[in-house]
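Below: a set of structures, written as structure tokens.
Consider the two complexes below, in which chain A is the common component and chain B and chain C are the respective partners.
Presenting the complex of A and B:
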């Protein structure tokens, strides 16, 4: 017995055993159960099979459509802001003509260290309704009327987006800084000698050579956008926002599963979201050539 | 080097850096100013950057260190303990698993490793509901083990360690075998000491995530005595705003340990952060 345990054939399995156990107990089992429940009406002690009823109901659910709409809009907004800006910032911070950039790098990263509870509270108070809240003071200063930021769809969307940007700009910039370390300085130097402008160097050298990093950042941003929940939860002091303007797919899953205890229906939401995430990841990785071996 | 275009680029660059820095700092500064003001008032009026000395005092700070805020320090202690236990266990377990993947060839290795990648690419929010049910069925609700056990074999940490171990020369392992060390002896005596720098990076990254973790503890924890800091702070967010005094200073103190850690170990932080993006 002891001999088996110490053999070179068995050892790797002993090493990976904790992972295998974790995956089975805390991952596969729950997911399988969730798939099963999505085809059931779940009541304590008496689950009944209902076929595709939960999924059919989902497609006709007006609130779910709102949640999907919000989530997609939010994800797109995040991609439009949180890829180009951090990329540019990284190039500026990394540029040889800039000095004292370390302090900026440090500052940009601080929000990532701040709990979303704290961040949500700050932004809720900055975006308060009264004339004295910071954002409204700025508006009034520029001669605009104060706005009820968190109560209207447009400004509510803006609030959520700005909170997400505040939290993630520094993180995404770090990824790009790491990516830039793999690009030779000589490239920029010879381009400068040839008379290429800063903008040309950025678009012709940095952007194309940063493609692997962009693929990675794109993947995690899409995932984060689709799974977005806590930001909205903290900004709105809970899972309820006026006319559901801050409701996301995960928020809806939380509402159905935890708040309304409709586990079957919530499972259907979860399964659908998981499929969406997997499909988008596959498409995105295929398009960006991740599966091609020669693309090293 | 008296090129006007370089000067223009410099000015533009600094302008961009300052603008974004302002955007990052203003909210934190607003929180700082607010910590000297009356909490009830804040719910009504929001917060701004105006310094009105007559309205400002140290009451909130005095309160934070008085008996009234005792539960805040219980949460603080809970968070500290949880971070410590979670990080220590996660690192050991993930390193073990990573070594298994990196140092051996065994049947179905790719099949198992596929799950590492799969779990990395699926957001936690999607499995939180079935996982929550699982925890309830296992009678683990309201325990700390429910918070960290599902993430002990942490996929992205495993991935990072695996990359690191692959870079270690195989000769070291072979030499260990020739010297008569067991497979496990090799890992604990030879590999772990070499992995130290990667441990630092992952310790900090996991520590940061654990310290700020909200969603999962929010589901798992139920009793006030067991709350972690973010969960406790979250309970202070009520519509009445009677707790905002504690919430605002409490939030400020919650940032301090992790920012200190960051400032001391910035280098490792960045290494850990960028770990996932290294494809190999």
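Presenting the complex of A and C:
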């Protein structure tokens, strides 16, 4: 026993074992199993091989195409909102002119700690379609007709984006604050002496030096966008939205696998999603220079 | 120092292994809080773990298990009733049955999910035919059929599910409308248009996320979602005619879209309770929603047969439904099956179904039992201003079932209509035949071999 723990050869493996085990049990095994199941019809205790049937069905599936479109739209919307806004907020909160910055940081971060279940329910009630729901009350106050927020593609998309932004702005802001604090104050001071305006300082110092943070936030935002599910599930109180306007790829996977008991087909959806994510991330990392060799 | 570190690491490893283990069990066993009913004090009683998605059912089972224990003092039962949200419960059940661990002993499965659990050659639910046999001759056969497959009964129904019309007589008489003159959809359309014009308020319900009303129209047209050979044909002429009728009623303001998409949901209850809507075409099991969620309408609601199309054979269609199933692998499966058959199909069960839940009882012998149908203590009779059994007896011979409801296609048909078809036609004004063709394509792709 002693020998094992004190051995220089064995010890490193012992150290990484918990991590390796976690990856194998919770990541690698499910992935392999999904690949296998995507070629099967899965029923309790009776799986049958069906070849490429699930993938053939996937290619002719109109609703899957809707889900892919929705997901891409959400992801783009999230990238457009969830990178610039948190970056600017971080600069504001981090600036020396601001007072009580800690309070603001906390306030922006609170949504990330709130349960999406609770938040989704409250957003659903706010965006209800009756005249007495909050958003419609406001519209009526300004003389506008009430709107069925969650039933129309445009407003439904808006509702989902608002919920996602509300939830993630604080988190992304924290990443940017951490990034900003790594930038030396001297740079700003010397720029100020040279007469650079606040906006110049932001575009010429903050933005370029925040590039590593932006790369990271971009990567996780793309993943979060493509894996979006809970927001839609909670906003629509289940996985069914009118004409599937809130259906995401993961939502479709869930519908097929869990709600319709078509595990094999759901696995095929999952495999395709994994490939999409992989390709997008590869392109994005290549473009951002992640794979370039560091200059010596 | 090194030794301590080594010990610490070993400890961490052991702990992580244990955590992984417990996380597994927690997820498998976690079905939230539960209520224990029946012989709670007895040590020897058979314990049945039951999942349901309707809290009101707890009261029903409580009555039934007490009665059982009274009749079987040597064979006591206690039930742990776990109430879970609708989607959650069905999804958890699916996972539990697929993985072979964590399933309850008995479970209430809603009809639009039921076929998911009877698919394949290895059905995880128990055949209840033997236990149901003693009660079979007196109960509505159409309802047993819904939960049967290949001659095996996998679920015991909770109610007849007769679709009827609920009229708010107070609002109607203020507008000078006598609901008893409404017999056909033409009458209904005329009255609805008049009511809408005079009051500016909505008449009947159009649900975009529920097919209760639409199924009735399909049945009255003598149609179904399948063709004569039992193949998917949701774009057939009969279905299109039913949808066209619904569209005509909608255009005439005889029915309007209920806030929230259906009458049987929070926003819908509110709309009826405050008088924004007047008529509701729904199954009689809405009774317990009326008395609990639409209290302001007390004394103003009359139950009548739903309107019909000319020369139809169908006067009512079974709407909704919950089949109580027994999980085959449960260690107490036999006892549970015996109890479930008793609790859902016996004459006493029918009494409790009506008295606690307000459901039209499964056992039709009770429908003509004066003492039962005119029970002065019944909370539902107190709520309604006429006797619902008069309506039930009037439609008894025209009570039908859509054959598609017993097939594996039904959960998906239901889902497609409730998410795509109704929203396309009524919210977006899409063409009826085109919408049905799209639905047919979606479903054909889903069930392609």
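FYI, the second predicted complex is superposed on the first by the 286 of 296 C-alpha atoms of A that agree within 3 Å, B and C clash if a C-alpha of one lies under 4 Å from a C-alpha of the other, contacts with A are read in each partner's own complex, and residues count from 1 in each chain.
Assume a contact is a pair of C-beta atoms (placed from the backbone, for glycine too) under 8 Å apart; a residue touches a chain by one contact, two chains touch by 3 or more.
Just so it is clear, the structure is predicted and the values come from calculations on it, not from any experiment.
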(request) Kindly classify A:33 by the partners it touches after superposition: chain B alone (first), chain C alone (second), both, or neither? (result) first
(request) Go through the superposed model and pick first if A:61 touches only chain B, second if only chain C, both, or neither. (result) second
(message) Just checking: does A:129 make contact with chain B only, chain C only, both, or neither of them? Give me first, second, both or neither.
(response) both
(message) I'd like to know which partner A:240 touches here: chain B for first, chain C for second, both or neither.
(response) second
(message) Under the stated touch criterion, which partner chain does A:250 make contact with: chain B (first), chain C (second), both, or neither?
(response) first
(request) Would you mind checking which one, chain B or chain C, touches more residues on chain A? (result) B
(message) According to the stated criteria, A:52 is in contact with first (chain B), second (chain C), both, or neither; which is it?
(response) neither
(request) Name the contact category of A:258: first (chain B only), second (chain C only), both, or neither. (result) both
(request) Pick one for A:6: touches chain B only (first), chain C only (second), both, or neither. (result) both
(request) Go through chain A and flag every residue that touches chain B in one model and chain C in the other. (result) 6, 14-15, 18, 21-22, 25, 128-130, 258, 263
(request) Could you please specify the touching residues of chain B with respect to chain A in the complex? (result) 5-6, 9-10, 13-14, 16-17, 20-21, 23-28, 30-31, 34, 42, 44-49, 93, 96-97, 99-101, 103-104, 106, 109, 112, 115-116, 119, 121-127, 129-134, 149-153, 158, 182-184, 187, 208, 211-212, 214-215, 219, 229-230, 233-234, 237, 239, 247-248, 251, 254-255, 258-259, 262-263, 266, 269-270, 273-274, 276-279
(message) Can you tell me which positions in chain A touch chain C when the two form their complex?
(response) 5-6, 14-15, 17-18, 21-22, 25, 42-46, 57, 60-63, 128-130, 148, 151-152, 238-244, 258-261, 263
(request) Spell out the part of chain A that touches chain B in their complex, as residue ranges. (result) 6, 8-9, 11-16, 18-23, 25-27, 29-31, 33-34, 37, 85, 88-89, 92-93, 95, 97-98, 101, 104, 106-119, 121-123, 125-130, 132-134, 136-137, 166, 169-171, 174-175, 177-179, 197-198, 212-213, 216-217, 219-220, 223-224, 226-227, 229-230, 234, 237, 250, 253-254, 257-258, 263, 266-267, 270, 273-274, 277-278, 281
(message) Taking the touch rule as given, give the residues of chain C at its contact with chain A in the complex, in rising order.
(response) 2, 6, 9-10, 12-13, 16, 20, 86-87, 90-91, 94-95, 97-98, 100, 113, 116-117, 119-122, 124, 208-209, 259-261, 267, 270-271, 411-412, 415, 418-420, 423-424, 427-428, 438, 441-442, 445-446, 448
